[in-house]
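The following pair of complexes shares a single chain, subunit A, combined with subunit B in the former and subunit C in the latter.
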Partner chain A sequence: MTEASTIAVSAEAGQPVGGQADEGRSLASDAWRQLKGNPIFWVSVSLITLFVVMALVPQLFTNVDPGAAVLKEARAEPGADAWFGRDIQGYDIYSRTVYGARASILVGVFSTLATVVIGLVMGVLAGYYGGFLDTLVSRVTDIFFAIPLLLGGILFMSTFPNDQNTPYLVVVGKVVLVLSVFGWPSIARLMRSSVLQVKPNDYVQAARALGASPWRIIRSHVMPNALAPVIVVSTINLGVFITAEATLSFLGIGLTPPAVSWGVAISDALVAVRTYPHILLFPSLFLSLAVLAFIMLGDAVRDAFDPKSR
Partner chain B sequence: MRGLTRTVTMVAGISTVALLAAACGGGSGDKATSSSAGGKAGGAVTVRGCNPQNPLIPSNTTETCGGNVLDAITAKLVHYNPETGAPENDIADKIDTTDNQNFTVTIKKGYKFQDGTEVKAKNFVDAWNYAAYGPNAQSSGYFMEPIEGFGDMQCAGTDAEDPCKGFTPKAKTLTGLAVKDDYTFTIKTTEKVSNMPVRLGYSAFSPLPDTFFSDPKAYGEKPVGAGPYKLDSWTKNTEIKLSKFADYSGKFGGKLDAITFKIYQDADAAYTDVQANNLDVTDEVPSSAMIDDKYKTDLPDRNAQKAVGVIQTITFAPVKVDPNYADPKIRQAISMAIDRPTIIKQIFNNTRQPATGWVSPVVDGYKANACGEYCTFDAAKAKAKLDEAGGFKGGKMTIAYNADASHKAWVEATCNSIKGALGVDCVATPVVDFSTFRGNIAAGKQKGMFRTGWQMDYPSIENFLAPIFKTGASSNDGKYSNPEFDKLLTEAAASTDAAQANQKYQEAEALLANDMPAIPMWYSTATFGWSDKVTGVKITAFGTIDFSSLALK
Partner chain C sequence: MAEAILTATDLVKHYPIKGGVLRRTVGHVKAVDGVSFELLKGETLGIVGESGCGKSTLGRLLMRLEEPTSGSVVFDGVDMYAQKGRAMRKLRRDIQIVFQDPYTSLNPRKTVGDIVGEPFDIHPDVVPKKGRRKAVQDLLDLVGLNPEHINRYPHQFSGGQRQRIGIARGIALNPKVLICDEPVSALDVSVQAQVVNLMEKLQDELGLSYIFIAHDLSVVRHISDRVGVMYLGKMAELGEEDDIYGRPTHPYTQALLSAVPVPDPTLRDKKEQIVLKGDVPSPANPPSGCRFHTRCFKAQDKCKTDIPLLELRPDGAGEHLSACHFAQPREIIETIDLTEQGAGNAV
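Coming up: the complex of A and B.
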């Protein structure tokens, strides 16, 4: 929502709707007002903040080393010594879960950023310039659309497997890469249709008539007004990417040990599911909460940006 | 290279139970090793099977999936008694030798193959020649190695991938084998072999009918043996159906009329089917049911556990490949830093026994505690030993394992134990699959430590020493070489007295403690579960089902 100051008054939002006649309110500031009053927004934002802090400084939450195994106490139930109990190897589940947030958040945030950047560029190019460029981009997105995200992920990760010496960031980078490669087309399509909607508007035509360069038109007139749906969808996508990462790690081809991640933890917990379900419960719970938080945020933002739903 | 795949996955069934009741001590004891005997004759049962890796040719089957099926179909010269473990003559009438080098085998008359032809001396000689001939690429061909003339039948081409490419071996037959008449043949070995008759019960030594040689490929789809059961149909990925062979003339027939191997990809699925009485016997209880002995409450009085002839070890890369582990003191320190009992309790739920030497307790000649204090966990002593050796210079230790079987948990736990005791970082390193893993080891590319396992081919102390630690042996992954050790093995093989031979082998084993070419970890056990319908379920020393006692209630 950093674009608030630059967003011009759009055709629909500028008009008094349903008796709200306040002057000079942009779409974004309108949305913000709406969000402020939405409890779901605040719940999801606080959850997200919690997870982000967890990812940045896990030491704030626990001083137990996630790699310290007490095999003698393996599979211990939750207790004072280990709040969430211990897993099969005797690692502290609480500490593993806290440290596991980093991988998920990193993958989620970076994949979203990458898909948004690629999708925006492609979508704007296709939507604004049209013609041959549009056809080209649209067909390319069609090709990528034909490959399901997860299948593509499995293919890619099993073709280029990690080994023990792969640095953490490369491992995360690979997952981000594969999710971005297969995730950008939906954003590109969304952006393209959004741009097509904005382009015929009077203020865009006026800017063109005044001799503004295409770059300027895109930057200050088209983008701000076409961005809302992309913001909504990518927020929801962030949750989807976190799930995809966990799925790949669960299958043993995403993040690999010694990297700590929720997907790996869930996969390791599987053998004990009938006897010690708490080992599975905690990483799954955190994973669900993180995904839920982003999806709820996306939902709240969509409601705020969509005048029709008011 | 038998026995190095998955956890316990390999081989045909043999049994050496004699020592077990006495030697296995802990665990479920002998009470649980079989369900009550008896049961009626006839009927059909289903047992858990898995997809055979290769066509079903006895000399080309080295894993349990195919081995279990072949075991019921084929008869060999010698049969290992599931109760006493002693080799008993099956097709052989007698195997005579005076010098452990020249053997005369007389076979019984009247044994028939399932295609109606009689089993003759020629069927053995032809089958063994086929197995030994290099270009046939039989995975069990190396079993013929002791027989004279084996070397001349091997490929020695220049192609690194396939030495048989553009190369024809000098000989097509083993000079050490000769047919005397229809029911007699002789075996001459290159060196003295004291336990030759014991070896002959292995499936690679099965006789093959004449029809095999005209079309080995068709035989692989529908094998013909002289055993108690014949193969009726094999539906790929689904099931293999066997039925009783009416003309079986041996003493080791079964009570059942039909046995169906239902092929499962997943041990959990087979286990659930046994619980629901949809499958009669599973020879594998999944680890999810092992935790806290859950299977014992899932299948009350329908489960059994028994020690089998399998040992898991951690081998050090050859000194040339990784000099950091060359000092035996470092090796001993690492061995002492591994808390075997705790790992077994927490990771394997007591389904293993801590190893105290390099030989499985189920075989004749086993002597406890060959490894001594070096196989006993003592963090302080381990650290002191490492300091004595001047510390570890390689940075961090690694233990490699094949990631396509369930090794991750114990390797990680072992590394954590080493890390805790020695203060040296240790990383469990997965290698994508078994063949890549073995390939790396064979090519001398695998550094550090790596997991190795050995499932005996035949019940003898020799089988745990010679193929693994003798200079230049086929499975000597650590390229261990000790002239004194080799000398003792040769002396033992030449000894005509079994007790004397065993003593020499034990002396050789004791030498391993000084050099630590591999760290003994634990001996495996097999766990079975069965349905309400069957009785007489017995586990052989290989962890396979004994079909001679299995029956319907």
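Coming up: the complex of A and C.
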């Protein structure tokens, strides 16, 4: 083999394969391209945006005070005065539904953030370092798994009940706390297994061979390749947490009046469900829409990040 | 004779087998069991052997990706396994690896620039920050890739191109030794020739020493100056390329070589093929004495009890290292160097 022919071969081998597009492509940009053309993604994103704006500035949607009861018009049907009608106490249902978004979104977003942060750290530690740390984290998650999310929530909230004077943020904080405490093990397990899948890859070994620190390997090689399933599951979990908050409030131990939430409203409406179903309808409808939006988003994101589903 | 750059002495790696409820150690997989050799400056040492004989574990030991059970590796006068922290990181600059599978050896979420530039991020003193992009492009050019493709992702390249990226990463820090763990096994034959030729070109230009691990005898013959044959974690025979391919004295080497297809149909019938009995024994419970005695056509009682040492034994024309009590050359029709032939035809 002569030098000249080697170079000729090399030059030929330097040509690009397949697509001629020269801009960089990555999994993320491919996923975005897929999401852009997915109507389900846009429907869920607009719904979520709507609910988030509702949670941040409810005044944009209504100027009726959700705490203003007009007792003589209690149980009024939907009309020009109160769009969704009035409930048993004479509260404006539309206003209470709009203000109720805040609790649901707060609980959903913060519980998800907390579970993801705790779960990621634990999962990476267990998966990457293995050994004793892995055994410890795995057994702790096993213990938490033995207690169902709702049962744990009921136990905690009935042990530390709220009263009339408990500040709003403390009430919400308690629900977030209990949901995160019982929610992180599933994320930790998911992250652990996905780290275990990524770790034996040769590119991780190559980084070790180059002398990269464990932190560098985790940050730039393990995390980016192990994160996708966690992103997907946590968006779906967001819906689950909102439901759990509503369930706890429905049981009378999550958020309690005067706090306004969809769960509280549903709970209050039950006494009149046969005679005045509209009182139950609107908060339930909003709750279902919010949960559906997050689950649809999670579905769309999962499909986009999974090359096999394309 | 050139001086040795890397000396391995009695390298041993045993993996514990855990069993029972209490996860007690019930045995060991003896992946590498007492391997010694020297790598000379600027030479290529080929390591051949069938699957599971410990070739890749040996490579990982030499990279210190695994800690050995016992034994030592002296690199350039420094005991590798005694180094810690900063000194070990510095040592890693001089000894790098190219992996077998170009599809798992590159991070799919990084651009080629990030992958080839990572060595400079980890060892920032090698190239100043401003010059890094240029340095990466020079490397891509050196391995025969278009430097303009620096922003592309691995999935946009073919297998051979990906292997070139892996090689570029391996040589980025200007190492003295490059360990190639089956670098062409996952590639098409036509691409194998390109990559092997690239590696030879780089050796000439950069003065690298290679440890070339492979199971393809003709590729190893093409690139190697010396060849070591491994069987069940031990070195069976070690010598110059001509010694091993022309005058093998170990029955295992003879059997391996007799299995290489002969491209000339007129010679085919004259070739004697040695077919070994049975399978490779489990490395968890290797045979006593000579590891090969269970399948050897020459085995006698002595082989079951005495471990043959890897020492100089006569091979007809001279002598080279062989680990067989009854080492003697045997007539084997010389297999033609397939890589050389194939590459020659392509030109």
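Criterion: the second predicted complex is superposed on the first by the 286 of 310 C-alpha atoms of A that agree within 3 Å, B and C clash if a C-alpha of one lies under 4 Å from a C-alpha of the other, contacts with A are read in each partner's own complex, and residues count from 1 in each chain.
Here, a contact is a pair of C-beta atoms (placed from the backbone, for glycine too) under 8 Å apart; a residue touches a chain by one contact, two chains touch by 3 or more.
Computed from a prediction, not measured in an experiment: that's the story for all the values here.
Contact with subunit C, but none with subunit B, is seen for A:R216 once the two complexes are overlaid on the shared chain. Of the two partner chains, neither subunit B nor subunit C is touched by A:L136. Contacts of A:P224 after superposition: subunit C is touched, whereas subunit B is not reached. Of the two partner chains, neither subunit B nor subunit C is touched by A:I40.
In the superposed model, A:L71 lies in contact with subunit B only, and not with subunit C. Of the two partner chains, subunit C is the only one that A:A206 touches; subunit B does not reach it.
Once the two structures are superposed, subunit B and subunit C can be ranked by residues of subunit A touched, with C on top.
With both structures placed on the common chain, the touch criterion links A:L56 to neither subunit B nor subunit C.
Listing the residues of subunit A that touch subunit B in their complex gives 69, 71-72, 74-75, 88-90, 161, 163-164, 252, 256-258, 268, 270-276. Touching subunit A in their complex are the following residues of subunit B: 286-289, 291-292, 294, 339, 342-343, 346-347, 398, 403, 408-409, 412-413, 416-417, 420, 427-430, 432.
Those residues of subunit C that touch subunit A in the shared complex are 60, 63, 65, 88-89, 92-93, 96-97, 99-101, 104-111, 115, 118-119, 122-123, 143-146, 148-149, 151-153, 156-158, 160-161, 164, 166, 169, 173, 193-194, 197-198, 200-201, 340, 343-344, 346-347.
Remark: subunit A residues 1-3, 5-7, 9-11, 13-19, 22-28, 201-203, 205-212, 216, 220-221, 224-225 touch subunit C in the complex.
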